[in-house]
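The letters A, B, C and D name the chains in turn, as written, and every chain counts its residues from 1.
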Amino acid sequence: MIDVLYFAWVRERIGLPRERVETDAATVAELIEELKAREDRYALAFSDLRALRVALDQELSDFSAPLKGVREVAFFPPMTGG
Amino acid sequence: MIDVLYFAWVRERIGLPRERVETDAATVAELIEELKAREDRYALAFSDLRALRVALDQELSDFSAPLKGVREVAFFPPMTGG
Amino acid sequence: MDIRVQAAPFDFGAECGRFGQGDGRAGAVVTFLGLVRGADGMSRMEIEHYPGMTEKALAKIAEDARARWSLSDLLIIHRYGPLAPGDAIMMVATAARHRKAAFEAAEFLMDYLKSRAPFWKKEFGPDGAEWVQAKDDDEAALDRW
Amino acid sequence: MDIRVQAAPFDFGAECGRFGQGDGRAGAVVTFLGLVRGADGMSRMEIEHYPGMTEKALAKIAEDARARWSLSDLLIIHRYGPLAPGDAIMMVATAARHRKAAFEAAEFLMDYLKSRAPFWKKEFGPDGAEWVQAKDDDEAALDRW
């Protein structure tokens, strides 16, 4: 089980801020494929990975990173603070 | 007649902040030669021109500039504001 | 050193008045204030963030700045939640012996805050709501450090 | 736009609190504060200036900054006379739509103030009084503009 968090328009497209996901995905990319296969709203949110960023346990990471030991995955668009 | 002003250590070496000078000098450099010929304290103040700056009528200028029409000449070291 | 992430407003003048001074170590203080612009008909803004990661990201950015420049003080304040035109969004402040370090550290903090701290701005205007898009410039700004 | 040359102290916090905000045009405010450092056993400082030329030089530097960047506000305050460690010597502030212009304009103002405005600092320490020497760095800083 892994906590998956969504922010900004990713959260809006998927329709929820966080969920617990049962997965055997070895990498972020595999997790994304599983999510996209679920429902259109996921497929839509993850349709263009260049527009997305991922954090693993609250550290910026990338889509090829392994999920082993990770408790929290977050997906969001490029940040616009400051 | 021209007003000649001195600032910072130039003022301290010459021993006065300003004076009126009767001169026919055509350029700043000529005026400096006239002043150096007056007394040791002037010769000392003007001994290293690389350490000096000049302003003509309150605008930075250079030693080769003509004095025609100028009312106020100021000599001082490189500025250290800010 | 102080880092604050908060929904509440902050008083830029009061923060500037008490920052980095008084210990005689700083010769230079630089502050930056980010404001919600009133242009383009925007009526309000909302800033979303990632609690937990935000604090870690800001602490990391501040540590990186302190490793790189000798700073006698450093401050970051960043708001989230609803904001109106003219409101203060965030500020940074740096204090150092000389101006070069204070300026560089403040710009470094801003460049990294823009692209590496998990905040997202949504603008509400006459044509509806829109998430602010990251600019290529902002990512490119990191290359100079 | 405001330029002040004065012997009197100024309140950096209060100046920051009222600068560049309120009209909704600025998205970015940068301020710089220069302080007398208490290091190196210096007990006091005196700043001499050239009344008349100082005001002209500061007005020219400010005009040059405004010609180069689109600024919604600009402030320069520079003191002269006796100062003690910890005292505020001077400040600049710039307001613009985006942070890049506000930062660049503030650094431009500082670089030119250092080397082109007729101020001279004299420091009084345990070994007597000494005029602060201009640094080659400060002259070189102008090359980037």
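We adopt the following convention: a contact is a pair of C-beta atoms (placed from the backbone, for glycine too) under 8 Å apart; a residue touches a chain by one contact, two chains touch by 3 or more.
If you're wondering where the values come from, they're calculated on a predicted model, not measured in any experiment.
Peer 1: Leave out chain D only, then trace which of the remaining chains are still linked through touching and list those groups.
Peer 2: Connectivity without chain D: A, C | B.
Peer 1: Rounded to the nearest whole Å, what is the centre-to-centre distance of chain B and chain C, using the mean of the C-alpha atoms as each centre?
Peer 2: 48
Peer 1: Round to the nearest whole Å and give the separation of the Cα centres of chain B and chain D.
Peer 2: 26
Peer 1: For chain C and chain D, let me know how many angstrom lie between their CA-based centres, rounded off.
Peer 2: 23
Peer 1: Residues of chain B touching 2+ other chains?
Peer 2: Residues 82.
Peer 1: Considering chain C alone, which of its residues make contact with at least two other chains?
Peer 2: In chain C, the residues touching two or more other chains are 34, 99, 110.
Peer 1: Which pairs of chains touch each other?
Peer 2: A-C, B-D, C-D
Peer 1: Mind listing the chain D positions that touch chain B in their complex?
Peer 2: Spelled out, the residues of chain D in touch with chain B are 34, 47-50, 52-53, 56-57, 78, 89-90, 110, 113-122, 131-134, 139.
Peer 1: Spell out the part of chain A that touches chain C in their complex, as residue ranges.
Peer 2: Those in contact with chain C are residues 5, 7-9, 11, 55, 58-60, 74, 76-82.
Peer 1: Taking the touch rule as given, give the residues of chain C at its contact with chain D in the complex, in rising order.
Peer 2: Residue list for chain C touching chain D: 11-18, 20-39, 85-86, 88, 97, 99, 102-103, 106-107, 110.
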